[in-house]
Amino acid sequence: MIACHGIGKSYGHFQVLHDVNLTVAEGECFALLGPNGAGKTTLLKILATLERPSTGHYEILGMHGLKDKDAIRANLMFLAHGTHLYDELNAKENLAFALALRGQHPTDLEVKQALDRVAIGAFTDMKVRYYSAGMKKRLALAKAMLAKPKILLLDEPFTALDTAGTDILREYVRERLSENGTVLLSTHDYDKTRPIAGRAGILRHGALEEIAVEALMSDDLV
Amino acid sequence: MTIHRVIRKVQRFQGWFGSGAALCLGAGLYLGLIGSPADYYQGEVVRIMYIHVPLAHTSLIGYTVLALGSLWYLWKRDPIVDNMCQAVAALSAVFTALALGTGMIWGKPTWDTWWTWDARLTSFTVLLLILVGYLMLRTFVDDPEKEARYGAILAIVGFVDLPIIHFSVEWWRTLHQPQSISMRGVSISSGLLVPLVFMSIGMSLLFSYMLMVRTQLLYLDRLLHAKKGRLLSQFHLSKSDS
Amino acid sequence: MTNFYLRWGGVLIVAIVFIVLTYNHYRDNLASLVPQQVKQEAPTGDVRVLGMVQGGTLETREAGEATFTLLGKNATLPVHYQGPPPDNLRELKILILIGTWNAATQVFEARDIGIVPNYGFIAGAYLLGLLPLALFLFAMARRVNFLYEEIKASKLYEED
Amino acid sequence: MTSFNVIRWIVWKDFVTELRSRETISSMVFFALIVILIFSFSFSMDQQAAREVIAGIMWVAFAFTGIIGLGKSFSSELQNDCLEALQMVPEAKGAIYLGKVAANFAFMFLVEILLFPMFVILFNLEVVEGISILLLIFFLATLGLSAIGTLFSALTVQIRAREVMLPILLLPLVVPVMIAAVEATKGALNGDPLAMYEQWLKLLAVYDVVFTVVSFWMFEFVMDS
């Protein structure tokens, strides 16, 4: 579960977030909307313990976001714009490295299953350098599948993914939710988001306004 | 937040620091320029010492304050301490540069050269480079939180490095140049000490006074920009909404 | 803002007064004649003469007594020195002689030797040391004042 | 135990990446060769003159190539934002620091070992006796450079103008290493008795210990907001 209390963040002269209050319960998926530059990625980065909020504080799984960062990180996965993959390593090595840093050591079978599940099992020994953007996204997704985090933060997860990839992602999100995970995603793609989002909100003026999920129609929001 | 209150409290006495600095510097200048005799060995040139040595001392005190403030910032993350660190770095850089300048002016009539790789001059130059690097680093970071954090790290590492730099430069100097040209051995007789003490105290008070003014300046700047930034982002977003 | 400029005006006046007084104090020491002037004007009483000891002319008779020729720009001056033992009397050294001009013998009777004072360097060091600090402080104080005014004017201020 | 694993995996990753791309070491070696070439043009030297300046030239070349390697060490983490993943490692960040120092040290030391024969040949040096003490000097000085350099590589990688800021911040801080390395190398090349330049080795050792500890501690704050 995620709880933000009055989170604000300013970069130099520009205040991106002003006063964000948000609670996402366990087994719930929250969709974060907003125009470009509204601060969606900034909010996700703050929750992923990558940046420190200028004002306010937050709790994840009941742990204080500025004090118990390492404990939060062990239970959290952030799929960001960048895929966190090393170009010179192949798929298996990338997964092994990323998970080893989290203290997890999946078996070969688990790795194979995860790669098959995201449908890139045929390219496991290829350097990531030669992967397409969509394949990289899928590999990052495989990493999240192996990590089994309680908290999943997704930043624009649908970009670069094809229809099949989108289905795999949505299925994975549903699986996380069924296991009482918490999912927070930022998106522009309302059609793809509507089926999985339990709640939704728009970032405006650096603050969050909650809206009904049914109102996620493409045109009139942004 | 305690340090916040301490800074506030000290700033209430800002005027006293300013007047104290003016009085001490006035007395020091009078004693140094008029009330004291010329030195037997150095002649009138010794009077440059009364301005050079306090500047150098004060800049070192300033660097110590910078390192302590940086430690405090990393511990408590109090933004006004960061303002103080940024202020003290700029002031220390100015004082170091002026100490180097007056040292060079002292060197010309004494050693007949503007510059020599004396151990102290060299380590002060490295100190100046570190401080200028610190100020440059701060201008190259977008996020104010990161700016403060990175600056604090550089300040602490540089502070630990300073004695090592000084020792290495001193050893290197003794290898390569005759010891005859050295500020060491310029013994300070008691007649010279009185104006020196006045100038040193006055310079430290002046430094504190300037530090308070500059901290206040940076704090107000941040305040103004934060408020303006909030208005700006609201304006920007309401524009893009409509 | 008026208060601010009044205060800094006061500082400026005090500084100027101090500079003038210091200059007056040193003026006597600053003034010196060159050998040519001494020959032409033949001053009576104590004077200070600036010049260089000409190479090959220095003859030391005993401690405290010496004769040499002082070299100026367009003229030379024969000097008879008698006074405290001179530590720093060397050939080719630039120095200041204090003594009287004997118009009858055309010899300068020196009784003390001063080294050339480096008042230029001293003034330079003090100006370099204090002027930038004063300007820096002035600029900062003015900016602080300006920021206060602006924060008040734009009604942005709120108590922390 | 997990921390030790993190160190091992970071070193493994850096080595595998380097083996496959060969970007860092090859660019370091070629850059150093060019520096040596430029220097030998700038001072046309006989053997006697070479003895005087060779240690300085050597360490200037090593320091500059070292900075290239150090800069790449963390700028390579910017591809696909891998740095974010490192920041989110749920362990003390000191482990990442030690792994990176080990990798950087290995690369720099390797390049120095490759380049040293070039100096010997190009400047007609005689080094048979002093070779073990030279290796010790290289070891200590390189450790000092990589200990503090890794910290500043991580610090500058997230700011603007990072290619410029790394040398600007790093070089004043490594003045002691440069002085000590040059003086000790000079002593070793001249065949002086060890007692004459022992103090420099001690200085290097002290520097290494102090800055490994300080950087290890400060790295936490570089990586972690």
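Of note:
Chains here go by letter, A, B, C and D, matching the order in which they are written, and residues are numbered from 1 within each.
Heads up, the rule we're going with is that contacts are C-beta pairs under 8 Å (C-beta built on N, C-alpha and C of every residue); 3 or more make two chains touch, one makes a residue touch a chain.
Since we're looking at a predicted model, the values are computed, not measured.
Across the two interfaces under comparison, A-D and A-B, the one joined by more C-beta contacts turns out to be A-D. The most central chain, judged by the distance from its Cα centroid to the centroid of all protein Cα atoms shown, is B. Annotation: 38 Å between the Cα-based centres of subunit A and subunit D. Mean C-alpha position of subunit C lies 53 Å from that of subunit D. Centre-to-centre, using mean CA coordinates, subunit A is 46 Å away from subunit B.
Centre-to-centre separation between subunit B and subunit C, using Cα means, comes to 29 Å. The residues of subunit B that reach two or more other chains are 142, 145, 228, listed in rising order.
Multi-chain contact residues of subunit A (touching two or more other chains) are listed as 51-52.
Taken as a graph of touching chains, this assembly fits none of the simple shapes: it is neither a line, a ring, a star nor a complete graph. For subunit D in complex with subunit A, the touching residues are 2, 5-6, 9, 12-13, 16-17, 20-21, 79-82, 84-92, 224-225. Of all residues in subunit D, those touching subunit B in their complex are 148, 151, 155, 158-161, 165, 168-169, 172-173, 175-176, 179-180, 183, 199-200, 203, 206-207, 210-211, 214-215, 218, 221-222, 225. Contacts from subunit B toward subunit C in the complex involve residues 22, 26, 29, 33-34, 43-45, 47-48, 51-52, 55, 94, 98, 101-102, 105-106, 108-109, 206, 209-210, 213-214, 216-217, 220-221, 223-224, 227-228. Of all the residues in subunit C, the ones that touch subunit B in their complex are 11, 14, 18, 22, 25, 115, 117-119, 121-122, 124-126, 128-130, 132-133, 136-137, 140-141, 143-144, 147-148, 150-151, 154, 156-157.
Those residues of subunit A that touch subunit D in the shared complex are 48-52, 69-74, 76, 78, 80-89, 93, 97-98, 100-103, 127, 136.
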